[in-house]
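Right after this note come the structures.
Look for subunit A in each of the two complexes below; its partner is subunit B in the first and subunit C in the second.
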Partner chain A sequence: MTSASEHLTKPLMTSTEPATTMELKLRRRARISSLFRYAVLAAFGLLMLYPLIWLIGASFKTNAEIFASPSFWPKEPTLDGYINGWKTSTPYTFGHFIWNTLVIIIPKVIGTAVSCTLVAYGFARFEFPGKKILFMTVIATLLLPNVVTRIPQYLLFRDIGWLDSFLPLWVPSALAGDAFFVFMLIQFLRAIPRDMEEAARVDGANTLQTLIYIVVPMLMPAIISVCLFQFMWTMNDFLGPLIYISSVENYPVSLALKLSIDTTEAFDWNQILAMSVLALAPSLTVFFLAQKYFIEGISTGGVKG
Partner chain B sequence: MGGDNRFLGLAYVTPYLVGLLFFTAFPFAASFYLSFTNYDLLSTPDWVGLRNYEKLLTRDRTFDKSLSVTLLYVAMTVPLKLGFALLVAVILNYRLRAINLFRTAYYVPSILGGSVAIAVLWRYIFAHNGLVNLGLTSLGLEPVNWFGDPQNALFTLTLLRCWQFGSAMVIFLAALQSVDKSLYEAATIDGANRWHVFRYITLPLITPVIFFNLIMQTVQAFQEFNGPYIITNGGPLKSTYLLPLYIYDKAFKSFDMGYASAIAWVLFAIIMTLTLIAFWSSKKWVYYAGDRRS
Partner chain C sequence: MAELQLRSVEKTYGGGFKAVHGINLDVAEGEFMVLVGPSGCAKSTTLRMIAGLETITGGEIRIGGKVVNDVVPGKRGISMVFQNYALYPHMKVRSNLAFGLRLRRRPKDEIDSATTDVSGTLEIGELLDRLPKQLSGGQAQRVAVGRALIKQPDVFLFDEPLSNLDAKLRASMRVRITDLHKRLKAEGRPATVVYVTHDQTEAMTMGDRICVMKDGRIMQVADPLTLYERPANAFVAGFIGMPEMNLVEGTLTMDTQPHLTFGDQTIAIKDGLAERLATPQGKIRIGIRPQHLDVVPDGTPGSLRGTVTTAEYLGHEIHIHLKVGSLPLVAVALTERLSAMPRRGDTLSLKPQGPRIHLFDWQTEENVSLADTGN
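Presenting the complex of A and B:
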């Protein structure tokens, strides 16, 4: 069936001869329609990104100007929002909250990468008793709404004395708790041929050495995707800290920002906007540096599901 | 690696097994148990049988309101967001040279996702004299009371999530790009117009991905918390008081853990039922070309 259609389309695809008027007409129409498409896409893209552009501009505006014009460009640029926002209404600077966020993110990302790689390797390359059922639990966890397990998790962490510490925020992830990542790595691993690993085994490497020296290098793009997604999600996580962190000293950025809305609401808008920019900056930077991994990760994790 | 010890694989998945038992399986069971109790964190859980559920389903006005708001929110957000994502993906899929640039631009809002900063931004641009209304008045239109009016508030939250259609779009786009191009050519030669090609070739081939996105987005929409909590705090007049907010208030403000668990289980039952319906119906509309994929 494919060969027949290829045969039919061949004359159309390889027309190097002078074009007929009919073809010229078609080509012109195609060019106009693609021009139109570009225009629509560009206008739409600008509309999509304008809130973010406005946010950055408005963070340099005076409070009087923020709600005065829809333009993003500040007429009298000022750093007041950043300077005052950085001080916060607490005894700590905003830098302290960024530091807290880092202290959560680093063990969480490393723990996720290591544990999910080990687990995905176990699922994708070995047979063991109960594998089928365990794999089904991965899928079930993927679909299980967190809302069901949240209350007992809170009680569990209370009983082992982890409340108001960072542990509840990263330990579950370091035990391959995010089924999405396990699933994504298994999908990637299944697509990698086993020849190299088998050759290494024949040469006397044990399974752990094979994992470290053969599998991990090949799986690296996927592992990087996992780290990046986990980084973003942790930066954005609000409900977790809201439930588990109670003292301001331990607040991550997301809670600190919410606190600053609640306390400086009345008229210091530019402070809140400036700190919002700072809260988004790490995610945006990482995304633009490594966007390829995001797109690949989400395409593979999603499409093959 | 057939010659290996049968338990070697089990050793590799141990971290997952431990996490599953402590942080998923046990809390899952405990939550079910708690939903039949009265528990205020201070004493021990007190078994009350079906009383929580009975109260919830027959005498709790807040629950009724919250449930209808949640269903409305999901019914608005999921189709709008997915329709949008698919439309943009289809447009991007025509061999445009700048496809990567556009893909990145459209994806940025989803990456920032549930961030508090984005919720703050939304609050500002939809404020009474915020960016959107300034734009509307400069076009000679009436300003809209986006968050103050119970009629509009939920929709404004829906807009926030639709703005983040990027991740669904990237998944659609990847699927569209994997469709065999020769099928299009064959159909065009047979005289099919663009709509026919889309309707009878493209759409059936990407149904697995539509199915995946549909389930993931629905499960996510039912659990929306950050938007309504930060932007509207459930108001005005509880018009954005989604069930996750109600659960949160019951559990962590009034410390009524048993009742909160019961609400969580009702929400879970709704999500499960819809997911099962989706899986069951998928046999009729999802096309799996298993043998054609390598």
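Presenting the complex of A and C:
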């Protein structure tokens, strides 16, 4: 119930006297108003979520049924999509591709968190020659469209000999290549008073100890947001692996899903949908587990500073 | 514990702004030194330079005889209490206290006994397992003092530690801190303290000596009594004392009998004073504390007649704002001495307590009357 309707109904509920006609009228109006509002909200929510609900429902349908009805509820529920989809059309199971994805994501997330925190700490707390120009460069890369750097980057990694390995996906992030995260952490750090760090220095902590024992714990909500963003973006990243990874053995989930569309002539849509549902699961799980910190992180970082 | 010395310490910022102009200050071992001054007088900067949180651009800082210009804060043998307490928000009180000792890799029993000791002294034993956000202002302040105390530093630095507390708590914390300082002295571990404040009540009640600063310069360093009775210049005279000292423009006339006039008043001055003035004849600044202007019966010789503009009733005393001619003056009268509350428009006669008039050179603002007052 909203605060407005609470305001209208509350005194009546606590009152011992019988409600007057006027009060009854008010109470009824408040109830109808909130009922209407929730109905509209629920309808819109359902509209937004319907594709997702349909996806989950359709993953249990037979191939023939998928396009036969727009309803999400399968008439003859079957696990065929999951069983066959898991096997894939390659020598590897879908589990192998999930594993590949995790092998890409975990070092990348750790690398991002560590490197971006270090760089943001440097920019937010220290004065050094060339700081302004360097900071402007970081912000400039934020504005640079990704596409522009694709070809030079590809040539660079080709010359180093990193193609068809995970290194082109890991290394830029481990060197604070994601300017957005650096910027986000700097904004968050700017909102934190320096007193605690100064107190730590007086207590005898050196720069690194101050960072680890004092700054990182205070920065934790923002760091968790960074990890979550990086996790989800990497999970969904299609272009990066497509460019740098050529052997099926190293494919992450995003490429593997595409693979099943490519290789079979008559697409087994229920397999694709079933595997899509599986591909969604890690992001959703991580998001719901860390939701509290995530929202704290982006709201604080964005508003203050 | 050790003494602290500042020698021609300067601070110039990148833009060329000079915040501290070569100050010299000696704080003896076990002394409670208060740095006081208006906002922007560089008292906090000076403290932060002593702590090592701010670099110095000239001069020398010595702690215990050792030059510490290039020593990091953690190795200077200092500890500091910050204005906003600066407790580590993610650590419980116990860890906040122990953090410094842990960084020094002290054995666990030593840390535990030191924590117990300090929490006993400051009565924060029950708070040890709380987070800083679960503490009230006064409790957080005590924990911050505890964190400074536990390291047994050579010099304690306090940066306006009471300014975030309400008036009542501030008064009780003031007493606690001075008590603690005295207790440590009695226990044979005297604490050298540098305490920054903008509040003159804190300065006067807490300090063994007070260093009054203005615009990055030291105006006077003295014990509270001297500062009040014998201010070295017009700034100190105006800054110390409530309400502010009346500083009015007067004229010095050198006749056979040198005398000064202000408004329509003439006061004779003693011989010898005139020679000490930079401009022996002409304009001079006269300082009279409101407490040294007595309300006297009309017609008393040497009295001034003024018209009341406002009277502030404070219970035991009344602050009377008057106009004597065109000069605004403030006088403090004890309520019990007055037969009636003065009202706007009333005329009153006031008589300055002769020997307590201060004369300040018009140009240098130095107090030239110190020898004259016989204090």
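The definition used in the following text is that the second predicted complex is superposed on the first by the 253 of 305 C-alpha atoms of A that agree within 3 Å, B and C clash if a C-alpha of one lies under 4 Å from a C-alpha of the other, contacts with A are read in each partner's own complex, and residues count from 1 in each chain.
Throughout what follows, contacts are C-beta pairs under 8 Å (C-beta built on N, C-alpha and C of every residue); 3 or more make two chains touch, one makes a residue touch a chain.
In this text the structure is predicted, and so the values were computed from the model without any measurement.
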Report for A:Arg201: first if it touches subunit B alone, second if subunit C alone, otherwise both or neither.
-> both
Partner contacting more residues of subunit A (subunit B vs subunit C) | B
Could you say whether A:Met218 touches subunit B, subunit C, both of them, or neither, answering first, second, both or neither?
-> second
Examine A:His96 and indicate which partner it touches, taking first as subunit B and second as subunit C; both and neither are also allowed.
-> neither
Please indicate which partner A:Gln209 is in contact with in the superposed arrangement: first for subunit B, second for subunit C, both, or neither.
-> second
Taking the superposition as given, does A:Phe238 touch the first partner, subunit B, the second, subunit C, both, or neither?
-> first
Determine, under the contact definition given at the top, whether A:Pro193 touches first (subunit B), second (subunit C), both, or neither.
-> second
Share the list of subunit A residues that count as touching for subunit B in one structure and for subunit C in the other.
-> 198, 201
Write out the stretch or stretches of subunit A touching subunit C in their complex.
-> 193, 195-196, 198-206, 209, 213-214, 217-218, 220
Interface with subunit A, subunit C side, in the complex: residues 51-53, 72-75, 78-80, 82-90, 99-100, 103-104, 147, 151
Listed in rising order, the residues of subunit B that touch subunit A in the complex are 1-2, 4, 6-13, 15-20, 22-28, 30-31, 34, 88, 91-92, 94, 96, 98, 102-109, 111-118, 120-122, 124-125, 127, 129-131, 134-135, 138, 163, 167, 170-171, 173-175, 178, 180, 182-183, 185-186, 189, 209, 212-213, 215-216, 219, 222-223, 225-226, 229-230, 244, 247-248, 251-252, 257, 260-261, 264-265, 267-268, 271, 275
Spell out the part of subunit A that touches subunit B in their complex, as residue ranges.
-> 1-2, 4-6, 8-9, 12, 34, 37-38, 40-42, 44-45, 48-49, 51-52, 54-55, 58, 66-67, 69-70, 115, 118-119, 121-123, 125-131, 134, 137-138, 141, 143-156, 172, 174-177, 182, 197-198, 201, 207, 232-233, 235-239, 243, 253-254, 257-258, 261, 269, 272-273, 275-277, 279-280, 283-284, 287, 291, 294-295, 298-299, 302-303, 305
